[in-house]
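Chain IDs A, B and C follow the sequence of writing; residue 1 opens each chain.
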Amino acid sequence: MSEATQTPDGHAGLEARPGGVRAALEAVLMVVDQPATSEELAAVLDVTVAVVEELLAGLQREYGGYTVKAPDVDAVGFAVASAAPRGFELRNVAGGWRIYSRADFADVVGRFVLDGQTSRLTQAALETLAVIAYRQPVSRARVSAIRGVNVDSVVRTLTQRGLVEDAGNDPESGSVLYRTTSYFLERMGIASVAELPALSPHLPGLDGIEEFYDAGRM
Amino acid sequence: MSEATQTPDGHAGLEARPGGVRAALEAVLMVVDQPATSEELAAVLDVTVAVVEELLAGLQREYGGYTVKAPDVDAVGFAVASAAPRGFELRNVAGGWRIYSRADFADVVGRFVLDGQTSRLTQAALETLAVIAYRQPVSRARVSAIRGVNVDSVVRTLTQRGLVEDAGNDPESGSVLYRTTSYFLERMGIASVAELPALSPHLPGLDGIEEFYDAGRM
Amino acid sequence: MAQPPAPPAPGFEVRLENFTGPFDVLLGLISKHQLDITEIALATVTDEFIKYIRKLQELGEEWALDEASEFLVIAATLLDLKAARLLPAGEVEDAEDIALLEARDLLFARLLQYKAFKHVAGLMSDTLDLEAKSFSRQVALEAHFAALLPELVWRHTPEQFAALAAKALTPKDTAAPQVGLEHLHAPAVSIKEQAEIIGRRLRHGVPLSFRALIADAGATAVVVARFLALLEMFRDRVVAFEQAAPLGDLTVRWTGHHEDWSSENLSEEYGLREQHGREQEQQ
């Protein structure tokens, strides 16, 4: 970046970083999972909502392949954009912004997503689902501790399959908690998780297990 | 998608769609949730690996803010790129390609993406991870011998965090061997363990010691 | 960690939690004295290493068996090497001396190896920190793509699922079996007391063989203590050794050099050890 001046309208010298506020906005948009509102984005970037919305509109046009030339847009950090549309687009869904793959390539993306997918859960996925079902709401870290392996990608698969879902954040650690869904109950043929068979017949002396895991974690 | 003409060098008329093969590649990269290899990407786009790799290299430069002008790159669908770097980057890690937010904006992005953040490793965990990375596949006993302390619980933690995994049993001793995972490569930002800095400069005249350990310890 | 906050006193004793093993402690001591690892002054480092171990014990650190044994192996090697220095300088000829040199070389080699790994671990840590600044795009699949996924085949009854859960919830990696050390407890042996015993037997002027001196020792620890006591007494020049042939009987003779010698004169280091031993006995 050219200037390293601290500007009044940007968080901690965002203007001075490569790409400026616009790039900071893109960085956030590229990795947020849940659509983010203009207000949230403005707050994190420490600029006004009006500035963010202008930037968002600019990015949306730019990704669509329009050359951005408006002078007021230039003022908040735009360069001249490429003329060809990108493979992704910025959409405002239900009041929030998120980057999606461009609809024109839905067939290609769909094939990529389906590639290697099976109609069966792996043993690892089944066991992880079982742990979540009997320990919900539970964090991934906790499930990892119980299973002894990292379960991030398996939990993602289960979420994609609609078997587990986000159940809010743990008040202490702030980590995401997971629980099973009504689709899971449907597939199991039960009305509520209370109907899951008790574990005790299969696992004598399970009572002490909680402490074991808690003690073992670092 | 406008026309559905089948072209020889692209799946189902990708060339004819807005942004061409390049945009199709970007669209796929938007749904990638673990590094995708050039081969996988080439297959889904129905182009050669060479073409995909050229496109990937072009995108990488473009996101970094370099103007792409090479004529052979133009030939496979490039426009002149914007001069300002984007807020995200395309990286080749763990043997595949994936989109990341630009490190310059870690503070801003970090406030949005709380969950993906992992706590730092302890000194003991780091040292154990280093020994496993450089000596893999390796048994816990061997790692213990090098570090001088029992590493069982540390290895368990590293396994839970997905950084190391079971690599089968040693044919002779029968003990479990450990190796690093592709998640480890991702976290290190490298394509393979061959990219780890060489150990030898830190290790003068150690050539004979391996045998000593093997004889004395296992 | 349940450690009290480190007081501002210097030295390693107060920063125990910073070290992750005996090599770590050794490296710390070496760098504290600004010594090159390839030519460390063993005596200096040995003394501090032993002090460090004592400090650990005093703080009531619970040791895992193999951790403790690693410390002991290294402490023993260092002690051996130090003991070798106490002997009169001579040519390195016999098998024990060569074994000592080998032990030293092995210790150095292991230390060098550990140092290298510690260094690359530091580099890895830097890389991990740096890389943690890049966040990968990892977003939920758009609904219309998720809908493309093949319908799940599900054949588990609730009972089968419960059995699966029970299996998954069973700890796989139970805590490493701990071997109790209690049964190994042997009464602490005081080098000073052993020196006193030796002194009493030799003062009359009749030389005795080492074999005779340890004839009533019983436990190995007592033999070792008497041997160490003899080394100390030799250093204090109250005894002299004679050995007719290699591996032959070692004859110990009172030199009478110091009439007023008593075991209280023994070097401070062993005095400390003895004190500590007494405390243990009283507990």
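In the analysis below, a contact is a pair of C-beta atoms (placed from the backbone, for glycine too) under 8 Å apart; a residue touches a chain by one contact, two chains touch by 3 or more.
As the structure is a computational prediction, the values presented were derived from the model and not from experiment.
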### Query
Where the centre means the average of the CA atoms, what chain is farthest from chain B?
C
### Task
Kindly indicate the chain pair that has more C-beta pairs in contact than all others.
A-B
### Summary
Chain with Cα centroid nearest the overall Cα mean is chain B
### Task
With chain centres taken as the means of their Cα atoms, state the distance from chain A to chain B in Å.
20
### Task
With chain centres taken as the means of their Cα atoms, state the distance from chain B to chain C in Å.
40
### Query
What whole-Å value do you get for the distance between chain A and chain C if each is reduced to the mean of its CA atoms?
49
### Message
Two-or-more-chain contact residues of chain C, please, as numbers and ranges.
### Response
135-139, 141-142, 145, 173
### Query
So which bits of chain A are touching at least two other chains?
30-33, 100-101, 109, 113, 148, 156, 216
### Residue ranges of chain B touching chain A (in the complex, touch as defined)
1, 11-12, 14, 17-20, 22-31, 33-34, 36, 40, 44-45, 62, 65, 77, 79-88, 99-102, 104-105, 107-109, 111-116, 122, 125, 153-154, 156-157, 159-163, 165, 181, 183
## Note on the structure
Given the complex, residues on chain C that touch chain B span 18, 20-24, 64, 66-67, 70, 74, 106, 109-110, 112-125, 127-139, 141-142, 145, 173, 176
### Query
Can you list the chain C residues touching chain A in their complex?
135-142, 144-146, 148-154, 156, 158-159, 161-173, 175
### Summary
Per the touch rule above, chain A residues touching chain C in the complex are 30-33, 98, 100-101, 106, 109-110, 113-114, 117-121, 126-128, 130-131, 133-135, 146-148, 156, 159-163, 187-190, 195-199, 202-203, 206, 209, 212-213, 216
